[in-house]
Structure formats: structure tokens, C-alpha cells
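Okay, so subunit A shows up in both of these, paired with subunit B first and subunit C after.
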Partner chain A sequence: MAMPVPQADVAVIAHIKSNFSSLTAKQVQDIFMGRTRIFPNGKFALPIDQSSPLRAEFYEELTGRPVEQINAYWARIMFTGQASPPQRLPDDEAVLQTVRENEGAIGYIDKTRVDGTIRVLLLVQPWKP
Partner chain B sequence: MKTIRSLTTMLLFWVAITAFAKDSYPDFTVTGFGTLGASGTDTSQLSFRGTTKETPGVTDSWGFDSDSRLGLQLDAAINSSWHATVQWVARNTTGDFLEQNLEWAFLRWRPADNLDIRAGRLGFDTFMLSEYRNVGYAYLWMRPPHEFYGGLPIYHFDGADIAKKFTVGEGIMTIKAFGGHSFIQIPIPNSSVIADRSLSIAGGKLAYEVGNWNVRMSYSYLLNNLELAPLQPVLDGLNNAAVNTVWPSAQSLSQQISTKNKAFHYSSIGLAYDDGVWLTQLEASYIDTDLITYPSVANGYFSLGRRFGKLTLYSLFGISETLNNRVKFSNPLAPVPAVAALQNSIGRLSNLIGVDEKSISLGLRWDIHEHVALKTQWSHYWLGDNGTALWLAPASGPTPDIVNVWSVGMDFVF
Partner chain C sequence: METVKKHYLHHKLAKTVFWVALLFSAITSVLFFITELNRSNEKTLVMLNQLLDTVESTAAIAAYSNNSTIGEDVLKGLLRNDIVHEARLSSTQGLQLAKAKDTEVPWQAGVVRTLHSPFGEAEVIGSLAITPEAQYNLLEARHSALLSGLNSSVLIGLTALIVLLIVRSSLSLPLMKVSNTLHAIRVGEQERLGPLPRNHDDELGQLVEDINRLLETLQEKFSAEHGLREEIEVIERQLRNIFETTSAGIFLLDATGRLLTVNPALGKVIALPHLSPKELLGQNFPELVFAEPELMRELMAIAAGRDLSVVQDLRLKKRGDASNNWVHCILSRQTDALHGVCFEGVVYDITDRIVAEASIRHEADHDSLTALFNRPAAERLLAQLIGTRTGAETPLALFMLDLDFFKEINDTYGHDAGDYVLVEIAARLKNCVRASDIAARLGGDEFLIILVDGVSADYARQIAKDICIAVSMPIRISPTVVVRLGASIGIAINGGREQAIEQLYKVADQAMYEVKRQGRHGFAMSLADGNIVVEKIPING
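Showing the complex of A and B:
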């Protein structure tokens, strides 16, 4: 490659049978921020969050905002009774397991944990305004 | 036998769909939020309070309870389209501590992805922050702008709302309509009286969220169903036949002063911008009323903040001005002491209840942990003559024109 590509460390993953091959960063953002509850193909999306340190990295790279701002955003949505934030699992292994078992699930893991049992929808690039 | 067989079939079918279901329902979650805050002023002649629902406020002897609260929320996802939420907040309030602090208790039905229908006890969504004023962690300042939110004692109502979301361009538009009834208890200054207010509420909002921008406009109609109890002796006096022979305008004055069946119209616009580094927000409202004891008022604020890593520095300007002219009435025909006393109390009622307040604030928010923020704020208030309705003034004696309020606090969510 002629141009150096910024290092992507977080992979957004879905079920191996999901019938679309990729999502844009904005589509992933809309799903994880609760702005939409459906995939572009009209199927119901079940975002899976993490409670590991990868969470801060994922949101900072995806949205360009520190994780405290994401938490404040969800505090506003949740405590006004509009919606609930994505369910959180402890680590990559738990996310992988859930994504393998659920066709609607969408999660994120450390890129080095990607294997052939799931489909990668997006490699999250560091945010550029 | 047939019944048992079909029951078994149904049970097996139910086990099968449950096993393949994406989530396990019902799914219960308990979350919460809180603020521990302390505030103090540089005067003993006037008490500062967050809203007109609070008493006694803080003076130059500092206090905790105006800014401190603890909220708990229970969410139950019954299935993918039905959801129940209950929220209760321990805080300084007036009236029934359990009932008045029950913020939400509603059932939400989501028949389609972008349509929500809710019924039960709901947030009064009339301004940008009016549904999450208690959740300090979710906003920048020590407390919602005093000039804008201090005069809004209504947090919730019992009724229903419907909200529909549309994709418009790159953003999302929300249209919401709501209606119901609110019972609130408010303190009457300089007395231990608690006034019951019963309001019928109907309103709507239009909001648009795109990129870093958030804009909304809303309107609410409120109808006051009860007479404000402390007014009753004055009204009885004005309606008295003997009083009317000495003072012919008394009866029509009574109709002007009466609060029963009088309406409020809340109109507002709001704009917020947040690009992760700079954040700004402004709101303007006009509350139109026919009540002499609650005159029409125009409110606004503007806030500008900048983030430096975990620190956010902000400034805030607020203004609230009563617009109605003072009530004018003809004098009695003869100097009868009882009528003169009545006249005096009407003069007090109609001239002591205005808002004439401006302020500038500087503050700092420090996100010390993923779920904890520390805040400090200095506010400098200018108060005009008879303009302290959002504060608690002593029954007599001069009140200061300038008050400084200092606050420190910690907000958290869990």
C-alpha cells in the first residue's frame, strides 16, 4: 500500500450468516447510540457492549468523544425513560460467544481475536473530525 | 387427554421459542443516580433554592439539601415491545415525600421501531432539561439554569404520550404529544402552608437531532383546577356584599385574583451544540398566564463551555423577567379599616410575586471517573425590585439587589 493506514485495533463483528458484508462507522454509531434499532437490511439489531477497558477505546475511536460523554448521553436517555443502553458483557470471549449464537447480535472485540466463526463488519479507525 | 396433549404441545412450543429467543424476558435492571452538593450565599436576607418547590433554601449558612438527591430506577423489559419503568428520587420536596418524589411509573409500548406510546406517570417534557433535572451527571452545570428552571415546580404528570421518530436528511426528527393531569404540592413563602395544585396538561414538542446539533420547540397548555388555598380568605372578603357597597370594584377584583380555571401557556425553543470540545446551549421561553398571582414571564439562558480533557470550563448567563403590569384597581368609596386591610393584602399579593433576575455563572466540571463528576460553580445574581419570586424572602425588611452563590458537588450514576 502506498498510503499508511492508521492502526485499527477494534473490530465490529456480527453473526457469520448476516447477509451484509460491512457497515459504515455512522451506521455502527447509530446502532450503539440507540438512534436506530434495525440493520440496513431491516432486521432487528441487538448491540452488545463490553464492560472491559476496550469499551473506552471503542467509543473514543468511533465517536471522537471520551467515554464519560457517552455515559452522560446514556444517563440522559435512560433516566428520561426513552431507551436502555446496550447490554454489557465482560470480555471479548463473552461477546464472541453471543455473536456466534445470535443472528441479530452486533458486538466489538479486539481485532486480534477475530476468527472465522464470525463476520467483521467494520474495523474502527481512529476518529478524524 | 386432549387438553393435556395440547397443553404439552404448547409447553414444548413455548420452551422451543424461548430457547431460540435472543434475550431472556422479562429482563429487570436497577440503575440509579445521585448528587451530593453544598451551596452557600453571601446574604442572610434571602434564601436561594433550586426550584419553587423547595424550602427553606440556603443562605450564608451553607446547606446540603437544595442540591443533593438520590434516584433509583427499575426497568423491566417485558418483551421486545413492552417495557415498564419506575423512578423514585429522594430529594428536598414539599408535600408527600413518597408520592411527590415518584417521578416516573409508566408502561411503554413500542409497536414499531420508531413509535413509542407510554401511559402512567411521565416526565413533563416541556423544556430541554425538564425530564432530567435530577440527573446532575447528565448535564454540565451545578444545577439547571435558575432563571429558566427555578420557576418550574412540575416534574411529572399522570397521563399518556406518543412519540414518533422520522429520519429527515442526515438527522432524526421526533414529534411528541402528551396529555394528562398533575398534582403538585408547593410551599407558600413565610408560612408553613402547603398549597395543593391540580393541573390539566396537554402539549407537544418537535425536536431535531443532527450531527452535533440538537434543536427543539415545544408548547404546553396547563389549566389550574383548584383555587390556591391561601387566597380563599381574600376572595371571600372581596365577594362579601358589605365590602362591595363600600368598594364597588371588589367583586371584579376577586375574579382577577382567583386562580381557579385560569390557564398557563408555555412556549419554548432550545438549541444545543456539542462537538466533543466546545459545547453551547440556549433556551428561551415565554409563559403566558391570566393569573395576577403568577404573572406572565419571559426566561432565557445561554451557556458556553470548553473541554480540556477531563475538565470542562463553562460560563452561563440567565435572565427571567415578569412582563405583566401590576394590577391597578380603584380605591374604596369610604375609609373602612377592614376594607383597607383587604386592599393592602391584595397590594402585597399582586406586587410581591414578580421575577426580575439576571445572573452570570462560572463553573468547572471534572470527570474524575467514568461514572463520577465533581463540579463547582460561582453564580452572581442581580435582583430587581419585587423580583425575588424564585427565592425565599423574609416577610419584611429589605432584600439585597446582588447575591453571590457558591456551590460544590459530586454527581454519579450507577
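Showing the complex of A and C:
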């Protein structure tokens, strides 16, 4: 059984210089689930995952699926050797750091940790069927 | 007995049952096949959908992530199933995978499953299609149908065989026995069908009984008819014989009197022996045969009016050489289907009878010696004459005549001489009177002469005188003996008024005795005043 998750909004962030202001939830989902590796502007996208409890909230709110299914999905993909899941960092800080430094990077952090060094592309709402 | 190619009933039945069973079996097999094929198709569809259900999420992942390895794994997995012929996976991002078995199949409708994104149900990300293995359905269905067909064939065949055996033993064989026996029986024979011990209480037993009863009746009828026919043949032969050999003439006339049928004797009877029966046919019978055809026609008219036969003696036409001239004719009306009203008749020769009758009548009325009328005939004739007379008619005269000296001749020369004399005298008397007058011998030497019609006293006197002279002429009774007789005649005249016969006799008698008293040979007439005038005639020489 999933632990009750603290209801914190999740912000999807990118490099401050990225030349688009927002993404749809689906675009974010496609990038994080490995379906696409480019942004709508054609730039290479580097999704950054994290190991914190926020991860479960993020995926659940983004896809409407429990995080275990997301893990199983990646396990299946990885088994084929054709792709691998996004790189996983320990916490919001590390994500912020990486996003600040890489122009194509895209990650997610707690909304409260948002600052002016990055661009918020999407605020992930709790998933509504 | 002729050899007929027999078609046994149970063989026919067997053939029919076999073919019908075969037909039913085929029909049920086909129906079963079709049903089974449908069912199999449905089953296949269900199975395909189940397969799709199984692999759907994996296929969706493959389509979502454009991962061909996962996609091929899915397709391989699908093809491992017998019922899958081909599987195709395509994604909206350009992934196109297809795998198929190398079996030859006709195109078949498959099942297509639309794949949705594993993370957002609404998004369509590709499709997974499976085509079933048609051969599989067909084989499945064929197998089932074959089994069912075999099953039903065996069942039906077995049932047919049992039915056949039962029918053969309980119906066909007894029926064959009956049929064969019946076939060998000829109509009218004594033979009967044997009873069927196993069928005595069913329809076959009843059939045998009925047939036997029918045979019995038929035989009775047959023998009765046979006997009757023989009897009829005998009668017919007899009748034919009678018809051919009888001396009577038998004929059939149509309504106008033409001959339709004649027997051989007819020609002879009707005095036309030279005409054959064939030549007589079609001739007008009354005209051809009879002296008075109108009598025959009258007879036909009478016969036509009643049911009884009519008879008549008829005179034939006079033919030069024919001795027969009278026939007795019996005629009766017949109604013939062929000719309508016609007449059947018999004629036979009665000439001899007519002649005999005439001679008998002659003998009865005439004196056998002199051939003059005898007394009864004379008296009858006289009575008739008197009876039919009316007062206005001319008188008649009655002569009573007694021969003189006859007794002496008889005594002297014998009876033969007397008889001879009487015959001679009778001939002379006849010569003296008219043919219509009556001359009679009353007996012995007494004669009676009646002059009829238009007799005056003078005429009577003249005749009496002639008679006296004629009688007195000599008679040669033998070469050497000549005798002479005299006559005494008494005359009575019925003077136009009716007089009793006795009175006439009496008057004539008295007159005759007056002659005798006055010396014989003469005549006397009694006058109106009662006087009798005698005139004596001298005997010459």
C-alpha cells in the first residue's frame, strides 16, 4: 500500500535560457517516459529524475499510475537494451544544480523550491481521471 | 408360368431407406458443418480477443516507446498460438511490425485492437491486428462434422437395418408367400391360400382370409356360370337345330313387312322353293307371298297393337306347280334393339288340313252315293234360305220327288244296279237345275229339289217337266239291260211370304201323293185355293 503522500505541488523546471515558456503535461510525460528525446523546439532534452519521495508524487500526478508501474515499465524497456530511464539525482538541490548548468536539462522539484535561476515549464496538478 | 423379374418389396424398402438415410445423414452433416464452422469462427474470435487482452499492455508499451524488440516479442508470442496466422503491430510514431506463418490461406477478416497510451488512456498510440488461421477453423469444423456425420450415419444405418429385418420377416416374407401362392392359382381352381400362423390376428391374416373368401365366391360364380353357359349352349344348339330343320317357316319382319331373317324351310312353305334364304331377305313378305296381302298387313297391324301373338290361315299366291296353297301364320310383335319394332312369325303348310276339312264338310253335307246334299244339309240350307228372306223377295219352289218303279229295279237287278240308277238319276237332276239351286237325296228313292230366287209357278212347272223327262230316259244298267224309271214330283211354292218349313214339306208331300194316286210320273202343284193340279208326263217309247 502506498504511503499517504504529502500534497505538495511539483514544478517542472528547465534552464533559464530555454526559449519556450511552458510544456503540456503530455509533453512532459513523453519526455520523462522516454518516448521522445527532444523538446518541441527541436533541442535535445535531458530528463533528470530524483530519488526523493517527490518522485512518486510526480509520476502519480503526471501519469495517473503508481510509481511501481513506472518502475516496471522501465524495467521492461531496459531489458531490451534499447533505452534507459532518466538519470536519477538524490534531491531537489541536485536537480536544481544540474538544470542550472545544462541548457537541455529538464527536471522536477518541489514548487516551494522554485527560484529565479530556472524556468518553470509546468506545475503538475494532482492527476484527475 | 412366365418368368417375371421380381422386385422384392423389402429390397425396394431397403433401397429407399438407404438413400433417404444417406440424404438425411448428408443434410445433417452439412448443417452440422455449417453450425460448427460458425461456432468455431465465433470461438476463434473470442480466443483472438483473449489473446489480444493478454498482450495488449505489453504491445501498448512497445508502441508507446517505439520499442521493436518488445513488439517482436509480442508478435512471436502471438504466433505461437495455433489459431493465429498473422500479427501486425503499428504505432503512430512509425513502428511497423508484422509476423506471419508461411501457410497459404485465403484472406480473412482479422481482429484489430486499438492501442492506447499506457499513461493516458485517451491517447491512441497504435494498433495490434491478428488474422486467424482459417485452416484451423475449417479443420476443426470438418472434424466435428465428420464425426457427427459418421455418428448419425451409423445410427441411421443401424435403425434402417433393424427396420428392414423386421419388415422383411413380419411383412415382406408372408406377403411374398401369399403373392406367390396367389400367382399360381388359376381362376376357378379349388386351391386356397395357406394360413399364416404368425399373422392370424393382423391385417395380413385378414387379407389371406378375405382373398380365400373371394376365391371361394369366384369359384362358385365361375362354375355356376360355366354350367349356365353349357346349358345355354345346348339350348342354343337345339334352337338352332329347330330353326334349321323344322318344316315350319320362321321369319322376322321389319315394321314395313320386309324380311330380316328367314330359316331354310320358309321358301318351301311359301311355295317359293327356288329362292334361297339369302334371296328372300329384304323382300316385302305380304306382297311376295300371299294371295291377299292386305290380310297379312291387317294381321301385322293387329299384332303391333298387342302383346299376344295373332294367328290366321292365309292363302298363298297361286303358283303353277305348287301343291301347297294354304298356310297357318302365327305373328307376334318384337322390340329389337337393332331394328326397333319388328314381327316374328311362323308359317306352316296347312293345305292338307284345309283339303281334309273341305272333304269332311263335303262328306257331312252330301249323300255318299250320289254326291247330292243329304237331308240334314238340305234342311239346314232351306232353313237358311227361309230365315234370310224378307217378304219382298221372289218366291222359291220346293220339289218333293219320288222315283217310280225303283223298288222293282232294286229287287230285280240287285242293290248295285239300284245304286247305279240312283247315281245316274242324281246326275240328271243336277243337270236340270241351276248351280245355285239345291238338289238333295233325302233317303232311299226320295229326293228334294229347291229352286231359289225368281221362281214363278210356270218356271217351276217347266223345271218339273224337264225333270220328269230326264228321269224317264232309259238307263243302261248292264250291257244287256236297259231300265226306265218315272218320277212323281210334288211342288210347293213359297209365295213371297214366310211359311213354316213343315208347311212347305207338307204341301209338297200332299202334291206328290196326289201324283202317285193318279198313276205316277208327273208333277202336281197345289194351288192357292187348295186344289192340286196334276200334270202327267207320258213316258216315251
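The rule we apply is simple: the second predicted complex is superposed on the first by the 121 of 129 C-alpha atoms of A that agree within 3 Å, B and C clash if a C-alpha of one lies under 4 Å from a C-alpha of the other, contacts with A are read in each partner's own complex, and residues count from 1 in each chain.
Please note the rule applied: a contact is a pair of C-beta atoms (placed from the backbone, for glycine too) under 8 Å apart; a residue touches a chain by one contact, two chains touch by 3 or more.
Everything quoted here is computed from the prediction, not taken from an experiment.
> After the subunit A overlay, clash or fit between subunit B and subunit C?
clash
> In the overlay, work out which of subunit B or subunit C sits against more residues of subunit A.
Result: the larger residue contact count on subunit A belongs to B.
> For A:76, using the defined touch cut-off, is the partner it touches subunit B, subunit C, both, or neither? Pick first, second, both or neither.
A:76 contacts both subunit B and subunit C.
> Tell me the contact category for A:34 with respect to subunit B and subunit C: first, second, both or neither.
second
> Determine, under the contact definition given at the top, whether A:65 touches first (subunit B), second (subunit C), both, or neither.
In the superposed model, A:65 contacts both subunit B and subunit C.
> Tell me which partner A:114 touches in the superposition: subunit B (first), subunit C (second), both or neither.
neither
> Could you tell me if A:105 is touching subunit B, subunit C, both of them or neither one (first, second, both, neither)?
It touches subunit B, and subunit C stays clear.
> Which residues would you name on subunit A as touching subunit B in one complex and subunit C in the other?
Overlap of subunit B and subunit C footprints on subunit A: residues 35, 63-65, 73, 76, 80-82.
> Using the touch rule from the top, collect the residues of subunit A that touch subunit B in their complex.
Residue list for subunit A touching subunit B: 35-38, 44, 46, 56, 63-69, 71-73, 75-76, 78-82, 84, 87, 102, 104-105, 129.
> Which residues, counting only subunit A, touch subunit C once they are in their complex?
26, 29, 33-35, 62-65, 73, 76-77, 80-83
> Can you list the subunit B residues touching subunit A in their complex?
Those in contact with subunit A are residues 22-23, 29, 31, 33, 71, 73, 75, 77, 80, 83, 85, 87, 104, 106, 108, 113, 116, 118, 122-123, 125, 131-132, 134-135, 137-139, 172, 209, 274-276, 310, 367, 370-371, 373, 413.
> Contact residues on subunit C for subunit A in the complex?
Where subunit C meets subunit A, its residues are 58, 61, 64-70, 93, 118-120, 123.
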